[in-house]
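Structures follow.
Two complexes, one shared chain (subunit A), two partners (subunit B, subunit C).
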Partner chain A sequence: MRPANDVHGRDPGASRLLAKSDLVSWIRRLMDDAEVIAPATGAGGDLMFAPVSDPEAVWLGPGNPLQPPKQYVLPQTDPIVRIERNGGGVQVSSISDERTRVIFGMRSCDARGMAYLRRMQATDLPDDAYLRRADRVTVVTLACTTPCTLGFCVCCDAGPFARDGHDVQLVDLGDRFLAEGATERGRAMVAEAPFRPATQVDVVKRDELEREAERHFGDESAHLGAAMRRISTRRVAEELWEAMSPWCFECGGCNFICPTCYCFSVKDRCQDHGWERCRTWDSCQYSAFTLEASGHNPRERRKDRIKRRFFHKVSAQYYQRDGAVGCVGCGRCVQTCLGTTDMPAVVAAIRKGVWHG
Partner chain B sequence: MTTVLTTCPFCTCGCGLHLQADHGHLIGSAPSEHHPVGQGKLCARGWHAHEAPTWGQRLTRPLLRRGGEQVEASWAEAVDEVFRGLSGVLAAGDSVGVLGSARATNEENFLAVKLVRGALQTGNVDFCLRAGLQPVVDGIAEVTGDPWPPGRLLDLERSEVILLFEGNLAETHPRAASLVAAAVKRGARLVTVGWHRTHMSRLAARHLPVDSGAGYEVITGFLAAVLSGDQEAGTGTVTPDPGSEALRASLAGLSVDDPVREAATWYASAARASIVVSEGALLPDEARNGAAALAMLAAVTGHLGRAGSALLLLPSRGNQRGALEVGVRPDALPGGLPFDDEVMIAKLRRHWSREPSLVTGLDAEAMVAGCRGLVVVAEDLPAVIQAGRAGLDVLANHRFVVVLDSFATATARAAHAVLPVAAFGETDGTTTSLDGRVQRVRACVSPPGIARPGWQVLAELISRFGLPCTYGSIGDLHREMTDLVPLFAEIGEGQLDESWGALVSRPATGPEVRLRAVDLGRRDPVEGPCAAVFDEAFDWGSDPSVVHAPTLCRDHVARRKLFPTGFVEMNKVDADRLGVKPGWAVRLTSKHGEVTVPVVVSGEVAPGMARLPFSARDRVGVVLGGRGRAGVRVERV
Partner chain C sequence: MGDLFLPEVARIASMRDETPDTRTFALRLRDDRRHDSFSFRPGQFLELSVFGFGEAPFCFASSPTRPDSIETTVRRTGQLTNVLHTLAVGDEVGVRGPCGNGFDVEAARGKDLLFVGGGIGLPPLRGLIWNVLDERDRFGRIQILYGARTPTDLVYKDELRMWAERGDLELLVTVDRGESGWTGNVGMVPTLFDKTDLRPATTLAYVCGPPIMIKFVVQDLLMRGFAEESVISTLERMMQCGVGKCNHCAIGHCYICRDGPVFNFKQIRELVE
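Take a look at the complex of A and B:
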């Protein structure tokens, strides 16, 4: 007989324990069947999601790589179709990435990003190339018991503990991890040794850690709800967008670094005997992003592009359609923005109605 | 997926980025979080650095001209043919020149110098973009004794006042622009000086509009204001000298507008204040005097050499500073040392086992026009010479032209021998940023076909011309450069193997500041109702490493995508007066010629001005007659 679910609706049987001393051997076992991607300190001291060659080098300490793991489901340059000359005609064949991957040590913000991307790619006209790759990715998250410096995931309901987008969530309990299987695949991964059943004490400890982590954010938050109300009821003055405009340098970094941005362009890469049609990241902040074949550009002015970005990210219209705001509160745009038009700064400006640069 | 840390190849800011490759192709670029300059940021170019070598039309095998055709050849055949071709030119008593490039690495440029002064025994070595940079460098050196005064890009962020003499900083040097914006956010006063309302001018506390290229007049105004005596002239100390008196005397009686006077006061009284000058902000004929005046302004206000105050010269293209430092110039040895520097000559003699050539050679323009043999290292002439595509016609007069490049450029197609070399992301080396960081670039993927790293090809050519030149690795080459290039001598052992490379510290400017009188001679006025000028900045739209990159050449800049063959930017006032709307054609007529182009209406351009894109100067340059600006009549067609 299955045990009753706890007050959070969780199945206590889904919570398992992994001794920290068993972590490396578990990663090594995962590496037998899949390419394991995890944060590690790379060149220049930068933390990056990279294929693991040495499980000892996997970094599960504080901090999150500046570049999200998005590139492993949506690469910056992604060949989709091969076009080859074939006698007088051409032959077209699809290119698929069949690599089985485990992304290990992802944080809740990025897991929410993955869930968001999947929803976008799976609805309306499902994107087969995306889904085939993403279906082969297993996500093992590490809950943030200590919030990062720039993140504001609590404002986006995207952390500090994962709610969706993951198969397994690890929670650091000191000398052991609590491992929560969130999907069939995840539960199977933690079902056998070296995992063992968690006790009620472990689960209580986990909940305390989550509440403690949320408390760390204090009263400061990005107030996305307030911004949403203003932006969705047209209560943001045009002058505000105009005032922001010179503070954006159109680098596109906010899009490229964002776990939920997925807009792309299509470009043909020349090969020896033909071409590869590639999906490449694009930025809605670039002036030619909306340039039409007629020459008309509905968002020629920078202020209109900034306005559009934030309308998509935080308006009620998109919230209703997507079921989430288009921001996971990872805080990366704060660091990577070449100007000052990052998410918290713009949301604050929308809420207060003034822009200070 | 593999990732390597490298340095952005585009502007001279020198941001660090991670190049990513999958299945042997470059697929992405990401900012380096801890890089001292980039600090986790990149501009649009940096974010697409991987595109240039991936999408460009690449050279994969050596090509030799046979009849009217270029046919594929082996490396051995190609090197033999280059040796025979250039030897033939020399045997006939004609001269051979070598063009280095701001697009090449320090190692490639250094070997270009070695090829010329060591192997070919001549002085004909230069790079095309030096023409715009050298007068500015010389002007600063005249005052400070050092062409690259102390001060770092990052000093901008903490400056209280920034004087910005720009072409269009946000476009040419986005990281520098972002640091200026950060300073403004902290409360700094930004003063922009330029002839059009740029991105940065919208962040400025004061924009000082000037006639095209008249930045010099504003600089002398600043100097006159701080020396006029009706205010405290700075907080620094300057050793009194005859030059100081001459400077004061030359400025006596110069009337200074109030906005300039006030901005000068801000600059002089700030604890930390910086001057940023883009290479293109000064017209060629006033660049040297303008740069000297700026250096004197920094000196008399006590900002020269003061911690946190920078005088920054921004070269337009990637490795211009590096090319100059390693000696890609016809009139000096590496480090800009004179031909009578016995210590350097002894070192060159020891490393090269022969007497180095100590003659002043031809400059780039003269080489293109006057040599009969030419070696072009990583340069597409139409992209970098004022004459644009017309410059290629001159190559027909050469008996033998060799091009080392990664891309099938127009110059490569006109060559007798083409040697395919590795592009960015495919070769190891270093580049030098505008503030003297010698930083690593690294190979992430292999070059296509049988293309080879440029430094290896140049070393082989040097050997073929009788100067043994074999390096087991690029580390061996660095050891030679450490001894022969003064900037490299300051790099510690092993520093170049570390993640980014080395930040080379130069001694703070001492008391040897030399002041002098300024020349207040006025420029010839432009004749015509409208002044047409080129976009002052080097335009990436004509650079082979950008022109092939789809995002950079088309998608990022809408107007370039819309009007690939050129356009003219005008103020709405002028467009309305002519009765034209965006995209309509207008005819520009000057005493040099006429051209018909579509109109782009831009609030950045002042009424009475017409801005032409440098990248399209093949088509539109005729109205300028090879000059930076000209008076034009504009008519609706």
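Take a look at the complex of A and C:
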């Protein structure tokens, strides 16, 4: 757990105030220069991250959309290469998305997810197309002052207040927001009117809210450290994975709604005069994920695929490779899993050595 | 690497049928300058695009010491390879790479080299074999043991004859089942070990073939005194990106496309799903 902020050691310019009455006009101003994405209620009644057309419709109340905002940096179908056929033969060119975006009202868990994805794409061979897109995304988070139903960000050090991945964090102080610039870009955004300097009282209030929020999240519900020790040293019995496997329906839902899942396949999609090569989300829980042309499949059994998912998310080996644990504690897999092979349930099973289904 | 996924357009310069279902494609990048600056190590692989059908990884079957063309030997097995086999000389494909680590040719200097190939497992070794033969005086004794299901399934038949005639290497070929006219060895690849003399202490063994062959060959070599570090193989997995991002080829926390595909047996033993 991060130590509480030292009020006196804090950069005085970093904490600013925004009156709630100025919120809509601020969003409108952001919309002048960027596509603003924010949680809003869709036609079917679901909360979702969507481009804002009406700033009044931005939802900053409790709850987090079931789909994380990762689609704005890693779209489900992402064109990466244009392949054109003309008289002179095939021409290939990279496709990059250089739209300027602000994702507004993101929660700390998703901000950690964005930081995780960026780090992964930037290391080893950097994917510049990804980084160009991600670098044009500004993240404005809203601190969670009341816990969500299924989240366990406190177990992953990913919340309830933002740790990384954000440019500006808003903290709801009642009639106003405390606005904290976390990056140079973020500090510039909150430097001018309608933002005004925060007082010591506001900052103290903010720290109280953070401590209170952490308390409200309650005891740790996912002991990732204990699971990491066992999974990294291969001390999880094969029978345990076997026992879990009837509880997974291979729907891939846990992958698609996970803020840190990034596995993909590459497909050519027909277009006028050629094709677009796209990367598309894929799921390590599908048996075809590792199916080879010869028919050989090293992870044919479902238990091996479940084991694979949790090894990638929770092992120390991947902690070192990816720089963080592959879970942000958002709780979406708990909500979406048709069975019960979600993160807290599997972590508990690994820790206790028993699967209750 | 600005364009991680952008292939280079190449033309099929020539093709040669190896077996009824396996063909060697010689590729030349359309841009001469790019072709001349394209470099790779044996054991690395390329992502080959058949436009409209995607891309798939294939090993370089040619040696960097012969840079005129980039060769790859492909068996007709799935959707992409089926289409690839319908292409003609002059048709355009995409080449992305080189990917993966490749064989450490420098580390093999001065050593005796044993190549053990099975079926379609000879192509990745062929690049290294020609590399070594083109710099013959830098290496010790060279033995090539190769087996296939039937004589028809042997790839590079002309080159096998060429190697057999050379006095500076030993070639032993076997087939699982003979055909009429076959006068050579019949039996699985490990049966060749008794027909030659192995020098485990000074030899690096390069083993490539179907998983079942690798298993028995490696077991045999270890029993005959080879160190785990001296037995080197290339691994395959279902692959998409080839650049360590898509996660299809992961074994444990290793990516075959980045940390491999070449591993020694000690490393392979430590790869746990």
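Quick note on the criterion: the second predicted complex is superposed on the first by the 342 of 357 C-alpha atoms of A that agree within 3 Å, B and C clash if a C-alpha of one lies under 4 Å from a C-alpha of the other, contacts with A are read in each partner's own complex, and residues count from 1 in each chain.
What we mean here is this: contacts are C-beta pairs under 8 Å (C-beta built on N, C-alpha and C of every residue); 3 or more make two chains touch, one makes a residue touch a chain.
Because the structure is a prediction, the values reported are computed rather than measured.
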Based on the shared subunit A superposition, would you classify subunit B and subunit C as clashing or fitting together? fit
With the two complexes superposed on chain A, say which partner A:Lys267 touches: subunit B (first), subunit C (second), both, or neither. both
Should A:Leu150 be classified as contacting the first partner (subunit B), the second (subunit C), both, or neither? neither
Does subunit B (first) or subunit C (second) touch A:Ala348, or do both, or does neither? neither
Considering only touches as defined above, state whether A:Gly45 meets subunit B (first), subunit C (second), both or neither. first
Just subunit B (first), just subunit C (second), both, or neither: which does A:Thr336 touch? first
Using the superposition on chain A described above, determine whether A:Met31 touches subunit B (first), subunit C (second), both, or neither. neither
After superposition on the shared chain, which partner residues are touched by A:Ile80: those of subunit B (first), subunit C (second), both, or neither? second
Contacts for A:Ala14 in the overlay, against subunit B (first) and subunit C (second): which applies, first, second, both or neither? neither
Under the stated touch criterion, which partner chain does A:Leu291 make contact with: subunit B (first), subunit C (second), both, or neither? both
After fitting on chain A, the minimum C-alpha spacing between subunit B and subunit C in angstrom comes out at 7
Both subunit B and subunit C touch subunit A at residues 265, 267, 270, 282, 289, 291
Listed in rising order, the residues of subunit A that touch subunit C in the complex are 80-81, 83, 85, 89-94, 120-121, 124-129, 234, 262-268, 270, 274-275, 277, 279, 282, 284, 289-294, 296, 298-299, 304, 307-308, 311-312, 315, 317-318, 320-321
Quick check on the complex: what are the subunit C residues that touch subunit A? 1-7, 9, 30, 49, 51-56, 77-78, 81, 92, 94, 211, 236-238, 240-241, 243-248, 250-253, 258, 272-273
For subunit A, which residues count as touching subunit B in their complex? 42-48, 50-51, 65-67, 71-72, 75-78, 245-247, 249-253, 256, 265, 267, 269-270, 280, 282-283, 286-289, 291, 295, 297, 300, 335-340, 356-357
Flag every residue of subunit B that touches subunit A in the complex, lowest number first. 1, 3-5, 16, 18, 20, 22, 25-35, 39-44, 46-47, 50, 54-55, 57, 170, 174-175, 177-178, 181-182, 184-185, 199-200, 202-203, 499-500, 550-551, 554-559, 561-562, 583
